[in-house]
Structure formats: C-alpha cells, structure tokens
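For reference, the structures are reproduced in the following blocks.
Next, two complexes with chain A in common: one pairs it with chain B, the other with chain C.
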Partner chain A sequence: MSVGERDPHSGYMTTGHEWNGIKELNTPVPRPVWLFLIASFLISVMMWVLLPAWPLGSTFTRGALGYNERAALDERVAVAASARASWMTPLETMSYEEARADSDLLMRVKQTGQTLFGDNCAACHGVEAKGGPGYPNLVDTAWLWGGDIDAISETLRVGINTEHPDTQYAQMPSLGRDGALDKKSILRVISYVQSLSNPAIAEEAPARVAEGNALFAENCSSCHGEDAKGIQELGAPNLADKAWIYGGDRASLYQTIQYGRNGHMPAWEGRLSEAERRLLAIYLLDLAESQPQ
Partner chain B sequence: MFGAHYKLERNAIGLVLMIIGVASIGGLVEIAPLFTIDETVEEAPDMRVYTPLELAGRNIYIREGCYACHSQMIRTLRDEVERYGPYSLAVESQYDHPMLWGSKRTGPDLARLGNKYSDDWHVAHLLDPRSVVPGSVMPAYAWLARTELDTDDMSAHLSAQRAVGVPYDEDMIAEAAADAIGQARPDSDGAEGVIDRYGDDTAIRNFDGAPGKPTEMDALVAYLQILGRLTDVAHAGASENVESAESGS
Partner chain C sequence: MGHLTQGERELALLTGALLLALGMLMMVMAWGDPLSVHGAMFGFSGAAVMAVTLRGMFAPAPDENRFASYYDAPSKAGIVIAMIWGVFAMFIGDWVAWLLVFPEMTFDAGWASFGRLRPVHTTGVIFGFGGNALIATSFHVVQRTCRTRLPDQFSPWFVLLGYNLFCLIAVSGYMLGVTQSKEYAEPEWYADIWLVIVWVAYFLLYMRTLARRNEPHIYVANWYFLAFILVVAILHIVNGLAVPVSAFSAKSYSAFSGVQDAMTQWWYGHNAVAFFLTAGFLGMMYYYLPMQAGRPIYSYRTSIVSFWGITFFYMWAGSHHLHYTALPFWVQTLGMSFSIMLLIPSWASAANALLTLNGAWDKVRTDATLRFMALAAIFYGLSTFEGSFMAIRPVNALSHYTDWTVGHVHAGALGWVALIVFGAFYAATPKLWKCERMYSPGLIEVHFWLALSGTLIYVFAMWNSGIIQGLMWRTYNDGGTLAYSFMDSVNAMYPYYIARAFGGLLFLLGAVVGLYNIVMTIRTAADTLSEAEDRPLGPILEPAE
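== the complex of A and B ==
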C-alpha cells in the first residue's frame, strides 16, 4: 500500500494507487451531496413516523397521521355523493314532467346522464343512443318494455333475459326452424309485416299480403297482438312502426322468423343506483324529445 | 464514520459480509411482507376457481396480449371507483397465476367487466370493434371465432395451476377437457359435470352463439364474463374484511 501524495495542480491528496503513471485524486464528496443525502434520510424517517410503513407480524405500523387510503377514498366518495344527494335523491320519486319543469335539474341530468350513458350504455346503444343491428334505438320513441320513466328504469334494473331473479324475459321463437312456418309462409308473413309500415306493398301484392295476414293471425298475434302493434308486457315489439331492432328488410326478417331472436339487455342493479337509473331514463326521454322527427 | 471505509476496504472478508448485508436489505423489504400474506390478504370464502373454459380464455387473453392495453386493477381513486365499481382487492387475484393487473390503459379497465355487456356484444366487438364502438382503436380478433378450442392440454393447465396453489381437485383435473366443452354447450352431456364441480352459479351457455364445436371465442367470452365475479367480497364492505384480516382472524 503506497502512501498518498499531494497533487501539485489541484492541491488534493491522491489515493496512492497508480495505473501506468495515472494517479487518482482523493477528492471529498461535495457538501451539497451530503446535505441532500442526509435530508432524504431524514424525510424517509419522518414518513415512517407519519404514514403506515413497517410490517409487524400480523399488523403494521399505522403512522401518527392515521392515514388509510381506503378510508380516505370512502370519505371522498361520500363527500361527492352527499354533494349530489340534494338533487339526485329527489329523482327517485320524481316524474318525468316534474324533472323537465326544473331547468337547473335538467341541466345536471343532461351532464351526468351523458357520462353515465357513455360509461355504461354507449358500447351497445352508441354514443347518440341510436342503437344498431341488435341494439335498439333509444331515442325513436319505440320501446319494447314500456317507455315511461318507471318502465325504463325497471328495464335497467333487471335487464332482459338475464340471470337477475326478476328479469324480463322475451324470446322470438325460431318459427321456421321449428317447423311452425314453411319457407313460403315465412315469405308471405314478411310481405304482410312490411305492408304495415309500407302500404305500397299491400297495393302491389294484395293476395300475398292477405295470406300473410292470415298466417300472422295464427302464429304471431299471440305475442305481437292482433293489430301487430306489439304487447309491451310481453316485450313483443310493435311491427307496424318503422322502428326495427334486427332490420326491416326481407333478408333480416327472414332470419328473424326462421331462426328466432333472443336479445340480451344486462341488469344494472348493483352497478347503477335507483337514482342513477331514473336519471338515465329522464336523460333518454329528454334526448328523444330533442330529436328531429 | 467517514474514515471507517478505509479500514473496511482493507479487510476482504469484512467487506464481503458488509456488501451482502447491505444488498439484502432491498430483498428483505420486498420479501418480508409475503411472510405475513395470510394475515394481510382479505378472506373470500365464497370464491370459486376458474372453470377450464374460463382458464382457456384467460390463456388466450395472455396469448393475444390483452393485458398490454387493458388493466384489471381498479385503484383507490374516486373517479375509478365511480366508473368501474369497488376497488380491486388482493384476494380477488388469488387464483391468477400470473396476475393480469396490467400497467397501462389504452382501453378501459376490465376488472369488473363480467356481466356488464351481453355475449353477443363481446362477439361482435371482438370480430370487429368498430362495428359497435365507432371510435375504437382496438384490433379485430376475428380468427378466434373460427379457431376450434384446443382442449387436449386442459388437464395439464389445471395441474400447473394446482402446483402454484389453486385448489383444483383430482376430478376437476381429470375432467378438464370435457368440462371445457360442456360449459360452452348446454345441450351436451358434459354440461352437468360442470355444475357438479364448479357450482350452480356457473354460466353454462353457448358463448359465441355459433353452432358446432367450441371455439376460442367461446373461451375468451366466458373468461370476460367472469371477470370480477369469482367472489362478491369487494361489493360487501371491503374495509371490514381488511380490519378482520389485520386483527388476525
């Protein structure tokens, strides 16, 4: 071990090691580095004292501040909920007309409704609530299970064809595949059904439509009603309007009658509160009214 | 103190022992909490294991890299809890080997996706995401619907999971392939065995809606529909569970 010597240029001692004539200065660690290092250690010791830090067997040091991330979250959620409660809670019993009469409330419903709809409903029904093949348009005033605020929020609560114990249940049977209607009969029923919303078809082929009408009365009217205007208690759609869930063209109608349909609307009880479900119902009814008809 | 390391550097064994001592601090800080994992993780007595079909779907989820864009971890932040539901608990991933919490969200969090949307929606969305969500940037996974599910190695997957602590029994492992098919085909003979082994609440249906043999689409949709639903513990006052776990119950 050689002894360090003083470097004539910098005035510092060398380490005494030498590599092919190169020597290393033994400069001290700069003071600011020591300061920051010591400060960081002191801060971490402070944090150990103030915040939850060390595991101790089956528990842990809880810290002088008693901070608990989950409790803090519960509090923040509760504060936000109570701030909303003044206008959200009345929604649970309010009618649509009452809600619409209150312009402040309606503004809040529109803002909150847009977020709730976007997070939960838009994936299927689209951001504008206009639906798509298999997913009903919610702003066209045609409703499967009823279009007042109570019926809509009930559909939101229990869903359609879900595992919820109170679920609304509806199925379009596969009349073709199960042999109730042969292919020719299906085509005639399609002509009749299309003629309901498009009278021109009845003028073109009155015989086909009349035959279809007879077949309809026999096979379809128990659910869709004798006038084909649907029965909301059964979730059977109105076939006489221009609103179609699976499409009103001949190919889609053939598919529907031949193979049946079994739509699925999830149940939202557990994800959305009663007030949120009614808020969404108001949001949709208001959105429907503001649509250009 | 400032001169101490001169002495230490001249004592080879002392230096080695000190290096080992200092280096092991980092390891201890990471490992020590695991010694008390039984006391610190919540309890979920109602929790069931993944069925073979769901496990197969989970493997597809890993294979396709879904975790790169979707997390399965709802954090203790108000906006996350109000959007996705109760925050995730450690116990909810006790049968996840490996866990799929993820670290980045290009798409939304999936921790509580189960039963949020219909099977039809999932199938349409995986076939062509833009068909249902016009602004989506998710790639299409259309081949899942035409790829038959490979069930030959299902038993091996279940044994591997059991080796790392998932309580699959002998029956479940032996019947894994039959159960995977049975769960996706309610009209088949295997469906009953799935209920016997995994419980009455297990969803048994044709997840992809297509006739024929179960596909990878069946498996992935079955997995997506169980996310967050293996236990209800997160919905039932999670903080109470933590308190009772901490007091050593």
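== the complex of A and C ==
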C-alpha cells in the first residue's frame, strides 16, 4: 500500500504515487460535479420520456408527448402559407395596373420580390437585375419574349431552351460556320446592324451598310423582322435598339453571327408558384419604371 | 542511424525497399491517374529511407547501455515537424480567410480554389500540427511517467515518418482534386490504408512501452493518450470503409450511403474532436501543466470520473451534427441528451486542471509557458460549454450552417488545442535539448499575447457573423415571406470576415515567433543540464496493489 503525504498548500493527502515528480491529491470529487452529473442525467431521462429517443429493434420509443417532427413542420408550413395566401393568391389574376394601384400590396411585392429575385435570379441577372454578358438586362425596355406581366411570368414558368414541355425555343444559327455567310458578308451585316442604333455609321460608309442591309433581308429578317426590330413570338431580339445581350461591339457581333447563340433560362415551375412568378414580373416591371431614363 | 541496432537497420532497409517497390508499381500501373503521383511520393520516400539507412548501415552499433537513458530523438524531430506544419497550415488557413474577403484571389487555378485549400488547412492543423504534437509529446510523456525507454529504435521513427508521409499524401491529394468528400476524413482509400498500418504500429509501440513500465501505476496522461490512439483507429477504420474503383485508381466509393453515411461520418467527425482533439491533448495537459506548475494534480478521483465520463458520453453525441435532417428524430434526441451530460465531465477536467494551479497562480502571472496551459484549460471549459449548448436542438436551429460553428471550432482549436501545444512545447523543448530555459522568455510572452488576441478577435468575429447570419435567415417580414436573400447575409459578413482574417494573421504570427524561438533554443542549446536527473529507473518497483 502506497502511503500518501499531506500537501502543505491544500491540506489534502496525496495518493502516494509519483510519476517523474508529479503527484496526485486524493481530493474527493467536488460535490457540484456529482450534483450536476445527476441533474444532467435527470434532464436526459425527461427528454427520453417525453420525446422519441431509444431504438427498439425495428421501431423506437415514441415519447409521452407524441411529438412528430414532420407533422409539426407540415402544420407550421401550412399555417404560414395560408397567412401569405391572403395577399398572394389575388396576384394570380391581378393585372399590373391593379397591383400598382394598391400601395400596400405593391410594398409587399417589392419586399418579397427583392428576396425572391436575390435567391433565384440574381446569380445570373445581378442583384440590380441589370444583367451582364450573356444575361439580359431586365430593367431596360427590351424584352425577348414579351414584356407584359403575362409574358414575363410565362417565361419564368417554362424557361428558354429547357426540358419543360412548353418551353420557349430560340436559337441564333451559326451563319458563318455553317457557310451561309462568308467573313466579308458578316462584316457588312455587322455594319448594317450597328448603323440601326448608331446612324453615324450609315453616313461614314453608306455602301457597306447598304450591302449589309441586302444581306440582312435575305438571311436574318425572317426571325429579326424586316425592320430588324425583332419578333417576340420567336424570341428574336430587337437589333435596332441599344440593348445587347452578348455585346454590340464588332468582335462580339462577329462571334454571334459566326458561331450562333443558344441561351438558356431555367424553367421555374415547380420551384416558384404562379403567384410568386407573377409577383416577380410585377417587381421587375416596377423596378424598370423606377430606373432613371 | 547510429541509434538503430543492426537488426533495426535491416528492418528499415526492408521497409524502404517495400515502399519503393509499391510506389513504383502504383506509379506505373496508375499512370495518368492522380494515384501515380502518390505512387511516386511513396516510392521517393522508400528510396530516401533506403539511402539514409545504407549510409549509416555500417556505423558503430548503438551503446549497449542505451536502456539507461530515454529515447528522445523522435520527440525532438516531432516537435520541429509539428511547428513547421503549424506555420504552414495556419498560413493556408489565413489565406482561405482572406479568400472569403477577396473571392477572386484564386488565379483561376483549381488548386487555389476554396474547396481544395480548406481541407489543406484543416488537415494541416489537425493532423499535421496537432497529430505530430501528440506523437512527439506522447513519446516524451510515456517514457517519463513509466520510467522506461521506448522498447526499440525503429518503430517510433516508423510511426512519426510514416504518419507525416500520410499527411503529405493527404494535403497534396486535395490540391490535385483527390478527396473522399468526408469532412476531416478526406484522404482516399490508399492513404487511409497506409494510416491504418502506421496507427497500429503506434498502438503496439505504446502498449509495449506501458508493459515495460517501472512504475506500479499508469499515470492518467497515458490513459488519455491510449484512448486517443485506440479510438482514433476504430473511427478511422469504420468511417474509411470504401470500395476503390480499381486497384490503380485514386477514386473510391464509401461503403455507406444516404443517412447511414451521414451518421457514420458524424460519429467519426464528432469523436475525432473527442479523441483526437480532446483526449490526446488532455493527456498532454495532465503531464505538462502539473510539471510546469510544480503542483500535484488537484484530484485523482476527479480524473477518473471525468476520463470515463468523457470516453463514454462522447461516443453517443455525434448525431447532434445532424439535427433537423433526414436522420430520425430519436437519434437526434439521444445525441442531444448525451451532449448535455457530456458537459459535466468536460468541466470537471477543466476544473481539475485549474484547481491544480492553486498554490501556483503567482507562476501563471510570471511564466508565459504555464499561462499558455492555464488559458488552454479555460478555453477548453468555454468551448465544451458552447458545444453542449449548440447541441440543444432549438439552439442548433439558429447556429447550424452559420459561422457560429466556425467560431466554436476555433475557440477549441486555437484556444484549447494550439495553446496547450505551445505550452507543452515551451515546457518540453528546454528539457529535451538539455538547457536551462527557452532561448527567449520574452518571445514566449510575445507569442502568448499574439495568440490570445488573435483567438479573441477570431472568435468574437465569428460569433457575431454567425448569429447575424442565423437571424437573417429566419427573419420574416409582415407579409410572411423572408426578409433577406441569402446574398444579403453574405454581404453582411464582410466586416467580420476581415476581422477574422486579421485575428488569424495575429495567431499565425505568434506561431512564427514560436517556431523561431524553438529553433533558436535548439541552435544555442549547449547540453548545460546533466542527464542524471532524467533517466529511467532500473528494476521494476512493486506491482500495483
């Protein structure tokens, strides 16, 4: 039996063992340790009694409260949805003008639209909805597939070039690579297209622009229209305004005509409800109106 | 090489040859796969071992009398390696912290993306820094507290160097895109197998040393070190079970899927925190703290209660990482209740350490080495309270997936793990190199204040940003829809991310100061202390009664 010695500082005995100079006091475990250990055990027992806790082969103890997390969640989600429905459901049939006329509703549309847009759309179109290379600006007046509330919410529902059965298809063919236009012709078409939004070009090189106009009528007008102002039923953009998705400089336009474009916008049906899609459309139209012109 | 006996030299040569052959085979057969790069690393390591062994093959045999002194060379090497890993991995950690402030800082390179550099940081600090520190100090402590020398000269080097080869394979693999995608268990199957071999050698070495002890009782530090070694082996083997795509492909698929995979992973993940980052470092604390304080352990009985409390309760708590997920509710309840009970033995350990300082608080004021360890015990108490608190489901609903978790982990990793390591190293280094004290006590003070202020800045920044995130994600407006988009919460983090990166920088600078101080201590050490005080006892004393 090892014989302990008394530690002069604390007054406790040591256990009598020593390891490389380290000794241990034989102090009893402090009372609070036992108290709190028992208390924490009792709290645990309470949890085990009240809540689902212990496995029993193929099932588990259900707990005295009969609490079912999934049911509780479903209930809370349903309560929250019905609270929202009071103001969101009317959006499904409301026109833009009606929505704008109701200032309380418009405030809610702006609040919710900002987070819905931020969580679902901003990754491509930017937090201010001003787009970027390859992603259209949504707060100018140019729209590919129509810019009223019904057209915008439909584009949100089915997307562009998606696997949705009702999706809107649009493709800019690779006119250069597929041999429809040679390099020189492409450059003429570019001059013509640029002249539509920049008349100075037509004055500098009228012959080139006229040649380009003829080539345009032959190769491009079936989609973009005789006046090059686009056809929204086909998702063909207006080329006469200053809005560009892939860039309006000569290099970008060359790339577009040579290799074509095949943009993609996801279909949101299944993720965003009808009311949410129309809410976003109202949000965007309102945002566009508040832009400095 | 002079330390190794002839037989051990032959064993080292054979090990090197096997590694070389295996590495060459992997390199050639897996050509074009990242596995071939790792084959080359295995092969190169084998060749290096063979070269070093051959050079010393015909050196004079070691002293017959070697068992009259401790074998400290592996501990010395381990301390230096751990500090180098620490500086490297904390640098990477601070880098990824700045990457969150300036996300474009990736040079368009895959290896520099956040997803690859983050595991380099976590593996580097946990396994590179922490693991080497544990191996180095466990060798030092087990010999002193058992009054016996390590049983041979080969296996400690096999464990230390083999372990570092694992760490290098792991870290280089992440940069190449090789990962199992299991947090804190990212290395692929072949690295996992290599670690199993190394770890079993570690376990056997530890058991053999304990069996040779000249003390009747096994000191508490060794209980913790042994729990660390044994349980980490179990965790690593079970969670690492996987089927490789082929024998010569780096890719493998886990043996588990779905929620079972998640539960296995977090059973592993939480107990890696428990047995790697807690038990091992408690072993460190139980030796170096009373040693430096010159005081007896406050209560042997509390040591027993908290050891068994920690080892038993931790095993159940992993499911609290999966609150509000597909994991069945009853598993979550169990995890939460055991996490709450776990707090008591954790706090008993922290209290046992702090009460041990009674009678030595004047030293805490004047001796920065002891202050490192005292503060580590306080942070241990703080982060175990926080952990149990965050394991309560409603609290977890706020904290989960936010920076609060990151803050909690770093309160433990910086405040507890790193501080106890620095304290232990400053205590062990002068002893191992047989000099009176560290090169510069002033630099220990500098390191202490850098480490403390860095930790506080880091943790407060993450507490703030985490709670703000959690609140932003659950705030609804009058209309019943979310008030903030996710991006709004990202923008709100910006000032805290700057503060966190700055706090991390201070901590990194402290580690650099520590490395310099240790290197200078080694370079200026002049064997001023005699070995007479620090050598194994001869015959075995009376057995345990």
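One rule holds in what follows: the second predicted complex is superposed on the first by the 262 of 293 C-alpha atoms of A that agree within 3 Å, B and C clash if a C-alpha of one lies under 4 Å from a C-alpha of the other, contacts with A are read in each partner's own complex, and residues count from 1 in each chain.
As a working rule, contacts are C-beta pairs under 8 Å (C-beta built on N, C-alpha and C of every residue); 3 or more make two chains touch, one makes a residue touch a chain.
These numbers were taken from a predicted model, which means no experiment stands behind them.
**Q** In the superposed arrangement, which partner chain does A:Met265 touch: chain B (first), chain C (second), both, or neither?
**A** first
**Q** With the two complexes superposed on chain A, say which partner A:Gly132 touches: chain B (first), chain C (second), both, or neither.
**A** The first partner, chain B, only.
**Q** In the overlay, answer first, second, both or neither for which of chain B and chain C A:Tyr169 touches.
**A** In the superposition, A:Tyr169 contacts neither chain B nor chain C.
**Q** Please indicate which partner A:His9 is in contact with in the superposed arrangement: first for chain B, second for chain C, both, or neither.
**A** Only chain C; A:His9 stays clear of chain B.
**Q** Taking the superposition as given, does A:Ala53 touch the first partner, chain B, the second, chain C, both, or neither?
**A** second
**Q** Decide which partner touches more residues of chain A, taking chain B and chain C as the two options.
**A** Partner with more touched residues of chain A: C.
**Q** Once the structures are superposed on A, label A:Asp74 by its partner contacts, choosing first (chain B), second (chain C), both or neither.
**A** first
**Q** Touching A:Val33, do we find chain B (first), chain C (second), both, or neither?
**A** Touch partner of A:Val33: chain C, not chain B.
**Q** Identify the overlap between the chain B-contacting and the chain C-contacting residues of chain A.
**A** 1, 55, 60, 69, 80, 119, 122
**Q** Can you check the complex and tell me which residues of chain A touch chain B?
**A** Answer in residue numbers: 1, 55, 57-60, 69-74, 76-77, 80, 119-120, 122-124, 126, 132, 134-135, 162-163, 263-267, 270-271.
**Q** Over in the complex, which chain C residues touch chain A? Could you list them?
**A** 144-145, 147, 215-217, 219-220, 287, 290-291, 295-303, 305, 309, 328-330, 333-334, 336-338, 340-341, 343-345, 347-348, 351, 358-359, 477-488, 545
**Q** Mind pulling up the chain A residues that touch chain C in the complex?
**A** 1-2, 7, 9-10, 14-15, 17, 19-30, 33, 36-37, 40-41, 43-44, 47-48, 51-55, 60-61, 63, 67-69, 80, 83-84, 87-88, 108, 111-112, 114-119, 122, 127
**Q** Show me the residue ranges of chain B that touch chain A in the complex, using the header's touch definition.
**A** 10, 32-33, 36, 39-40, 76-78, 81-83, 85, 87, 115-121, 124-125, 131-134, 203, 235, 238-239, 242, 246-248
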